[in-house]
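The following pair of complexes shares a single chain, subunit A, combined with subunit B in the former and subunit C in the latter.
Up next, the complex of A and B:
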């Protein structure tokens, strides 16, 4: 068989096996292309580089290049399927403008410099003023990358100004989980999607954002299973096309809808009294808001939700009262299994913590919790938002394993595990993301006390809200210094003073943690281009240089720090020197050092060697009597969670009230931080599209994806467009109180907004919608609301940018 | 050369399914595998990585095709041609984006 025939044979084998599996055929047959036969590629496993679904791909490598991608049949997450982004993931490595050498800005221009010089420049900036240094990463940091950055900052520099961009996407989910269960992350897993009778999507569009998960549900239907899909949203999306029910609500009133369901459960007597009596307490907010609030009685709770009658909810939300009753009735039925799904719609919300709590609350109140298919489940947008940002805790207020910098015992535990002197970790939380950038963009003599910022694996120049204020404000501030590690030129490198070329995906070892608590490992498969290097190495090299410069924090009690690693023979390996970085498996050593941090909150991640064998394992992973390792699908449920005490059906063993009970919260409906008015008469919502991943830095380099969705657009209702005099495709101006952009209007496009609403995706760096977004944050999670602000539109050239002082924006 | 392995989910309705199968016959460069109930495995071969995606899009839109899953892609010669910066996108672009059904819906 020649090579071409072999490739075609492999493709057909994979497709045939999948077709047979979909049809329910007992024996699907092997679908994997085999290794090394007939001059074929070598195949390796890796998680997809993109979204938090965490599909596994088989990566075909030949002659030092990735040449083929196959969905991994052995992976529970995706059973061999990938979405349009996933099957192009290999191409992200080969855009022709990959960054290949460090570049330092001199005289306004970026000029090549050596790595030694680049690392030296950063280390000296830090030495100059260690407290004015900030580290900004993302949910695309691998676990070792995030862990080593976290350790450098908190255990080395005694500086808590480290944040992931995950603050912008899932911080409200974290505060929702923590304030409800006392511990972060979903209790259920993707199996809930296979077993639910009703799937409710709250402001969520999984058909485009988590397509493989959505196809799991749609496949059930194709097999004749009955599953009712309900889309509760502010605009019609691809997801809506598959749903039996579409409930369109006025932005922000999801709070009222959730309270309306709670009210009906109580009024109809259909709440699960036994579940509530045994496993729950009631809570309300304090003034000002706080993470854990204050207790309330059931009677107080009943009274608080009583005003959210179906008619009142209809008045606020525009959702017909009978639809609210329908939701109330569904939640009141014990014979159904109900899963709620959400992502950015609920998280990027100026009351993000509140709406997260309320959705957990209706599941708890109705007892739709703890059985497969009965689950409140948040999804993540990034491949390791859970694994790195949430579990390693690379946030300004957090420490690894669910610990907090403000808690003395947590600091002491980390100092002990890190073998650093007591008191090394600062007790003062650092700046949350929006604050961090605000401080960086404010002149030093006006209180802007962040002077040097190091960005890895993210593109804040495009993704931060209100970019004029939070990113572009840096321009012209002479004493501010921005370091950006990137794989391609981006909106962030445009303003960078130092650009570092980074390895990408399978050009390095890595570990991610996906949305269902699954930790996934892969090995480096190909070399990075030119002089690009691993982010983890960069952090270690900076630490080493700081050590050489005499920074006292770069020594633990034994005089060692993150750069001190030994090989199996006990000899020190100078991993801060790039040629020696892969002499040992640095990832494995860092990960094994991190593992004990995960035990306190029973988030026990699996040993590295177990991850090597598996397509990810869901924590808590515990050792079995026969020496094997067992993962957990359903946390807090006695039938599956090894940490639930014998005989207990449900046990919230990290509960806020220390009595194994979860909290059902009441939070009232409150208006959005900025709402349309006479002048700015439209709601503006921003988001993603199927083809592009986040800011498009990678997917815009993949020709098929770029061609499929080449540029951003302004989605508009046809009647509004007619009234404004716009034709489809006409380039128009979109203005808010922060600025303006121009983009073509798209009428009757893929998504359909109601009258008075606009939608613009944020992947297009030529049409930066975040120049005009608001930046108001949830008071508890500090996550910005990207889904709601007031805007107006006009013909190009018809209007000057509207920068008039608007109504006061609540924090 | 690019080679993709696809699984096409055909309509439940037999006449629509037959129409889709007929239309698929008309495509050059598509190799059909054995139909498994209403799931058809196919292999699409193209001289470059670009046109494979167009075929995928067209198949998705055929009457009688419910959706298309991609399970295998070989893109050996797929040097991506340009970066996102300065890629010729102009502000004066007219017409809405040509949105495709290039998903696994």
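Up next, the complex of A and C:
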């Protein structure tokens, strides 16, 4: 089947699926022959490769190729619906420039080498200087991929320099959850969207970024249900069009708005006194900031927020005082169910932890917590940001299952579970993402003590902030070595010294964990192209090579490590040899080894065999008396969470204060790290678009998506454009203190920014907006702020000599 | 406000906008496949029709690509999230068909029915 036929077939199949969804017709499940027709594909289930929503798709396979995609009607998450990206997800496998062989840079050029050579090169780089090795993965790592990387680094190399790109994405949500509830991840689930009366989106644009989720809400409306949508944002988006209220705030002042709500709840006496008395304490920051802060009394809290009167909030934020009062009144009503949604607007924030805490805080203060529809819920951008980065804990400071490298008992538990000698795991946290790349891009003799970096399943050459400093600085540093496992050439492979071709999505087994704690499994369905291989295998093969080279860390107490696996007959299977990798289900064995790690924080994930049967299961998943397995929709709520003690309505059983109470934080409004001034007079915000997924490595290879959104643009207010003398579509220069790019202006296009603001999407590798972003990080989560920095614009060629070293935009 | 700086109509905007979008990309990134939008001009003989059964917006997911790329202000309007072609304003340029990202293209270019074209 050629490409044209694929597109045709895929289109037909998707269209059929849409029609069927409307008629509600039942259809064959995964793996079943679809309809008995001789020439029809075989259908399998898989979560979509793209975002954190975690829609399930039915994948039609014929003659060894994915030929059709349908929304999976049996999936709770999406009920058969997909977004524009999802309908085309099959095509990401078949871009013409898939990487199919390992490439080693010699004399400046990437040249094909064997896998044996490639693995050997990496292993020898590690042997040479094990502590100068870093592993950079992502929230698109499957759970086994993340787990095996984590184990190699922390239990094998005693090296904690492992980070996921989720640091750029979810880190502030994590610190928000941990400092409020003592444990990470949302209490609620997507059912909150079906039951809320009011949905507040905090700097969130789900109509573009989580379209299938947002459609659940809009569907309710078309059925005649009343749901009030409130968009609190710094620019008008597709989401705004569906909202009754649009509150446009000056960037960074979301902190003031949240405090303003808290103040009104107390002043009006409409906060939930009983909920607060029974389930909460109050907290404030220490100097310097810390994850758990210090206690404060209710009275101190009251005084702290008292300053945030509606008028003061209006002065800071530009949101009319009456709108702040409206929010205060809504939260004060117990008869309404209120769900808050947020994503990168709150997380990619130089006070990201603070704003996360504050939004949890107003939900707790007002008692809008723990009933279906009453929930503060953060959405993830990546398919396994929760499942892998957060739960497996592939972060410089973390260990699996919510443990920390800094805690001795946590290290001992992991050493025991991993069967390695006591003391194997280093107690010193590794470098967080921005630091890791900064160190990699700094000459070794100037303190740049990361010399070899292995990147899997992500594209830092495009997604890191301030790329000149954090990525391109590597150029010309002779002793630095960058290994990139990728599926297509990207901004990252451009600087790589070794490029490894990777299997993608249904070319391998996998397990993801989505935004609502749902763990989702799929099987390999087709072969990867050429010599592409699984990321999980790469890690195992490197470990094996290190073992052969005599690295002492590659042996547990029994002299074995991650490469030692047996089949059901008890015979050793050499899984480090690619032809034998699929002799057994490595994914299942790694996942089952990982499961016990999830018990300590009551994040019990379901057994692999249960995941095989389900379209994902939401943890904690517990065994029932009849031997079945039950998932949990509402964590900490007595009516649903099996770990809440009998008779309790709410129990925060991992409470920071060890008394089953959550913390309501006070954090003040503080200005952004860089604000517009006389010279750089615009706010610059970056983000995503509906058609493309993150850096576009996959979706830019899908012709319909690329045609619909071919490249990045600069969103600008018409009056600003007029004042600058730009016409719409004109290619202009955008400059910050870090560099410059060129892109066309788009006025009144997809979104609409207020005066003095610019928005640029980051999917376009030819117009890299991250060359100019700031990279200031939240002091607690270390997540960079991609949403705020100061910029100026000008006609092409107008840049001052000081800026002349840019633009580094590639042709 | 000088003349070149005045806010432009959607038509001016998008005819200018699509060119810088399409051409350089097609020229410079050959490794990405897929044709760039063709340089379209008006065709009074035809008119765009949206087939709801193939349109993502009609099917409950979100998409507004056709409206955003339409060079004529008001020729495609969004009501309750779904796009509708205002036949008397459609110039038949076919840009919406070029860029429709639905799995099966939802835009048909049909011969324009005979009769008065403009409302005014």
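Convention: the second predicted complex is superposed on the first by the 765 of 811 C-alpha atoms of A that agree within 3 Å, B and C clash if a C-alpha of one lies under 4 Å from a C-alpha of the other, contacts with A are read in each partner's own complex, and residues count from 1 in each chain.
Everything that follows uses one rule, which is that a contact is a pair of C-beta atoms (placed from the backbone, for glycine too) under 8 Å apart; a residue touches a chain by one contact, two chains touch by 3 or more.
Quick caveat, the model's predicted, so the values are computed rather than measured.
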| item | value |
| --- | --- |
| Touched partner set for A:580, first subunit B, second subunit C, both or neither | neither |
| Touched partner set for A:718, first subunit B, second subunit C, both or neither | second |
| Touching partner for A:212 - first (subunit B), second (subunit C), both, neither | both |
| Partner chain in contact with A:333 - subunit B first, subunit C second, else both or neither | neither |
| Touching partner for A:704 - first (subunit B), second (subunit C), both, neither | both |
| Partner chain in contact with A:397 - subunit B first, subunit C second, else both or neither | neither |
| Which superposed partner A:729 touches (first subunit B, second subunit C, both, neither) | both |
| Which superposed partner A:750 touches (first subunit B, second subunit C, both, neither) | both |
| Which of subunit B and subunit C A:278 touches, first, second, both or neither | neither |
| On subunit A, the residue positions that both subunit B and subunit C contact, one per complex | 10-15, 18-19, 22, 81-84, 87-88, 95-97, 207-208, 211-212, 214-215, 218, 222, 238, 242, 489, 690-691, 700-704, 706-711, 713, 728-731, 744, 746-747, 749-750, 766 |
| Parts of subunit B lying in touch with subunit A, wherever the complex brings them together | 1, 3-7, 9, 31, 33-43, 45, 49-50, 52-53, 57, 66-67, 69-76, 78-85, 87, 89, 91-100, 102-105 |
| In the complex with subunit B, residue positions of subunit A that touch it | 4, 7-8, 10-16, 18-20, 22-25, 31, 33, 60, 62, 65, 67-71, 80-84, 87-88, 90-91, 94-97, 207-208, 211-212, 214-215, 218, 222, 238, 242, 488-489, 690-691, 696-697, 700-704, 706-711, 713, 728-731, 742, 744, 746-747, 749-750, 765-766 |
| Footprint of subunit C on subunit A - complex, ascending | 10-15, 18-19, 21-22, 81-84, 87-88, 95-97, 207-208, 211-212, 214-215, 218-219, 222, 238, 241-242, 489, 690-691, 700-711, 713, 718-719, 721-731, 744, 746-750, 766, 811 |
| Partner subunit A, residues of subunit C touching it in the complex | 1-2, 4-8, 10, 12-14, 16-22, 25, 28-29, 31-37, 53-54, 56, 59-65, 68-69, 78, 80-81, 98-105 |
